[in-house]
């Protein structure tokens, strides 16, 4: 095939010579995470002082010995100080003084090969992707730790190890941290890193927005954790009102951190949509777009359109708590229904924000390791678009028993069940792709298969929940819990690990240890199922969510779940060990194209050069033409002069407001 | 490259063998599905939650069973297919050839889309019927239900007739209490109900959102402040049950349970009248606010606003809102 | 980086070709981005509009506008809204002029637009500090006090964009707007400026539209 | 600095971030439950439990939070905890000193005494000079609304025990509540002395108890803050097998 004939570029190591970048100033003289930290601390105390000055004499503050205004303003100023310390606003000030922006340093080769660039406001989308990778793993591990705490408390219905309030705190932290993490765990690392590579672009549309999107996630992480210092928040990840208005100051951290993460999601999605529409290489038709990019594209739409509603809802929650508006206080003309509507109008697209990138990754993986074209490319695209569109019209299936618009339930039952049609497309494509394939059982492939296994169970249990009478039994019980853990963890996290094992060789030129990888997969797959399958039964037997105690006859089942949950945690440790050792010490080189993939990113040197492509590539064929005799190479990476020039219209006068091509 | 398959006598035999294999696959799938459905329906269904204590519980049990029977063949189909392809089409060691370049198959895709659409349509029709016929199947129906339960709205409830028993469920942090308007609006901490009687629950809350979930009764309705959420059911068996809170409501959410009993109508009448008499005697009825579908705890008839506003006395709204927001309309 | 150095670096002409390609993409990105931003903002403001209509129709505890409710000063609200509209239209007029090659007129118009926008924001802040009701006294008061801080913050952000354009325009010779500049670099910078300006105009006009619609909700409806 | 060392440094730094999260989580979750549990033992087949309600607690950072105190039976010290244990299946005599002023219930139904032996309580009022006012009365209902006269309630819902605790009567309590916690009869401030008895359940286990008065000032519906914090207005009664 054409791939083998591709010449390998230069030496494999990604880090370049040790001494490179030695000429520049030492890291601590640059603006970076350390200056950002200083700014954040200073900002917090300033804001806290200001808040005490403004809100200290509220009746609410003096009666409750708490001042939410101080906390919230502290958070806001801390974030601003953090960004200022990072140097996010430098370019803005340049522009406001009318100066032109400096060229992106990576194009001038100023971005050293060292590690310092990962702790700076770096504009290279590949750097941002790697920052996301580590950031999201940190999120994931912390959230997982809270899950362990939850299962510890549930070991006994009677003897309380961490007690009811700490239990609620842990539940809330776990849910929120995981939800915040999941929404970026694939789009962050792989989306930012491979999006531009897959569409054959040297750059993204708004690199500053992209980098800002990442640099908002560390403060979100810290702020969410800081709620523990204030006693946590008792509402779980949904933050239902008016309980949220009633809660102590820990609640502010929830609203603020979730809102912050929302903004980060919006920025990332915004940049991705514009990039995918406008920065595709010549010949990269919509019909040749890799499926992962399609998934990213649809998700970005959800992020840009649905997440603002979350930001609005979080903002309203904060004003209710600080400046005492009454959005959600029924006695004063507000409504607790309002929050439920706003939250779930975001919340349901959110679960597809989590699901769709997973679909994209596993599609890439199965096509590569089945050595076959996708079965029904258009069907898959239709599936992604259909899911994305429908997800805006189903939110009230979370509210079947709440008494909100009960006569609308048949409609929302229909829309909810309709989603299973486009989701079915995903399975049709997968099943068709496996037919007459040559299946390689590599680790990414195993994770992809596990994805289809888990997501099937999760999806089918979702059909049970869409049916109102059945939902009356299952709503708000452990059944729902099991359902969304099957779709989110069983789906997205398995896809994430698949993508990790699949793309890490490309990102770092290093591949993870295979044996440990296989052990990791099998333990994770086994214990995931032993953990969450019994939860369906627990829900059916009448165990509500977020309870610190339960009926005594459910103790055996809960203990079983807890123990296998600990084993699941242990399998994550196996991964962590493998990751750290392989990345830092073993450093097993993997150059070129180990999977013999046709996809564009694998045609580049490993890891990709600073500016991705020496020339704008010209795309000649789709990425999935496996097994086709004399198939064209996927792209011409060094097109003759003139080709690119003919790809765009000559510069026209006046403000350019042309429709985008295709 | 697709021609580079496992060496076989001839293409035609290969095709026949594959045909046979596929028929085997379909047969296995059908047999498994049939077995699964039979097991689900005849073995599992009678024991499925939430049991058959009330009409609504029966409907939910029925729905879950029907959905399970619908879902089993789908799951089994996908699993059988994957089991087949993973075994048959695995790459033998040393085989680095590619699969057959199949880009799609209009017939199969159309069939799949039609099939899934049919299933969805069936689920929708079934679900809607099952929602409307049993008057909401025990789910919260909001303040003014459009699918009502049959029965006579009466001021006084008499056993043996078709009178609807009105029960108000009041959620508060962190316990339940129940008012019986047809018995002088007396209030109780236990939920006692008559069998074979249409029952209407009026679920409301005094503070945050709770959710009223008597699991065995197959009823679930959120308790929202200032909102009357109606749910219907009719008990078919006597026995005791537990009420749980199903919506996170604060520190004691997990422990917010209370007990109830379904008893014969006559026994219920005796119990209810006895409680009413006792509460009349010790002044509880007089102390309670007049029965209403929702309550505003910030309005305290017996207590002048002045006392509520005395500094040091925390008003019922907890003074979250200062005097600038009058606590009474 | 190292492996790049190993390669023969592509010729200058070829690189110019790539640059031009991404210049085009960038200009299209400005167009797409402004439209997309409008989409996102529409959902954010829609969130508040939904709250408005939801609480109004629900009127829980009869307190959408409880007893003894006082409307915020209509003349003030109207002034703020009119300022926003004027600012947008003046800037739009300026855009038409600069398309016709009259840079200086746009600069003046832009300055006026900036001034009026800032005035609207300032007045809005002043109104918020002197409201006739506590924020939590009714549904109306909640939506009012909740919405306007968000709106004026975003107005401010968009006005920074305008300031940037004004600052940038100082360094572009007026001639460049009349005829094709000599060098490619200049041409591209003018085109970037114009693309950015028209995107700004789109967003700013949208903000004016929002200002009007919420004025209608809060004062007229 | 070699490449491997640098990567290792990066990963160590990254693990430190996680470590911080882990530490904060574990440390606070672990330390949060350090309330002492007061063990009451039966003497002569009865257990005597003594609690007090304070209008404030100036021994912590939240002086405006109302709180319960539990008396250690041996040292007679008032401990700032709401965890106590009683033997199973014995008669529990509870004595509650009500130092806190009255607050209207959200649901006046809880004015009714339920679950005590005889469904009654005995109440004795004292003025701020620790002088008894009137005689000890036996109440089956202390109306929180008609005359705002309930300070807090002591409720163990799982046992059906709901006891309104009388507040010092209004004209004595307004503006001269006990100001220094834990309060003692000598420390000034009017109070009410309430006694009742109930049978502890035969089945061992931890039974939660709470207050039903919305006494979390400054929190919506009055049910935040102290109402949702162990050691203040929420606690456990651990029933241990004898």
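Going by the order they are written in, the chains are A, B, C and D; count residues from 1 in each one.
Just so we're on the same page, a contact is a pair of C-beta atoms (placed from the backbone, for glycine too) under 8 Å apart; a residue touches a chain by one contact, two chains touch by 3 or more.
These numbers come from a predicted model, not from an experiment.
Asks: Which chain's mean C-alpha position is the greatest distance from chain D's?
Replies: Centre of mass proxy via C-alpha means gives C as farthest from chain D.
Asks: As a quick test, compute the distance in whole Å between the mean CA positions of chain B and chain D.
Replies: 36
Asks: Between chain A and chain C, tell me the centre distance in angstrom, where each centre is the average of that chain's C-alpha atoms.
Replies: Inter-chain centre distance comes to 29 Å.
Asks: Taking the mean of the C-alpha atoms as each chain's centre, how many Å separate chain A from chain B?
Replies: 31
Asks: Measuring centre to centre with CA averages, how many angstrom lie between chain A and chain D?
Replies: Computed value for the inter-centroid distance: 44 Å.
Asks: Would you mind listing the residues of chain B that make contact with two or more other chains?
Replies: In chain B, residues 207-208, 226, 250-252, 255, 296, 314, 317-322, 325 touch at least two other chains, as defined above.
Asks: Would you please write down the residue numbers of chain D that are in contact with two or more other chains?
Replies: 208, 216-221, 223-224, 228-230
Asks: Would you pick out the residues of chain C that each touch at least 2 other chains?
Replies: Correct list: 60-63, 66, 134, 136-137.
Asks: Can you name every pair of chains that touch?
Replies: The complete list of chain pairs in contact reads A-B, A-C, A-D, B-C, B-D.
Asks: Using the touch definition up top, name the residues of chain D that touch chain B in the complex.
Replies: Touching chain B from chain D are residues 55, 101-109, 111-112, 114, 140-141, 143, 145-146, 148, 155, 157-158, 160, 162, 170, 174-175, 177, 208, 210, 212, 214-224, 227-230, 234.
Asks: Contact residues on chain A for chain C in the complex?
Replies: Of all residues in chain A, those touching chain C are 9-11, 16-17, 20, 92, 95-98, 100, 109, 113, 201-203, 205-206, 266, 270, 273-275, 277-279, 282, 304-306, 308-309, 311-313, 315-316, 319-320, 323-327, 329-335, 337-338, 341-342, 605, 609-611, 614-616, 641-642, 644-645, 647-649, 651, 653-658, 660.
Asks: Which chain A residues qualify as touching chain D in the complex?
Replies: 13, 15, 18, 59-66, 114-115, 118, 134, 137-138, 141-142, 145-146, 149, 158-160, 162-166, 169-170, 173, 221, 225, 228-229, 231, 234, 242, 245-248, 329, 580, 583-585, 587
Asks: Tell me, which parts of chain B touch chain C in their complex?
Replies: Where chain B meets chain C, its residues are 226, 296, 321-322, 324-326, 329.
Asks: Give every residue of chain A touching chain B within the complex, in rising order.
Replies: Result: residues 58-60, 63, 164-165, 167-168, 234-236, 238, 240-243, 245-246, 324, 326, 329-332, 336-337, 370-379, 400-407, 409-410, 413-414, 417-418, 420-421, 424-425, 427-428, 431-432, 434-441, 449, 452-453, 456-457, 460, 463-464, 466-473, 475-477, 540-542, 544-551, 596, 625-629 of chain A touch chain B.
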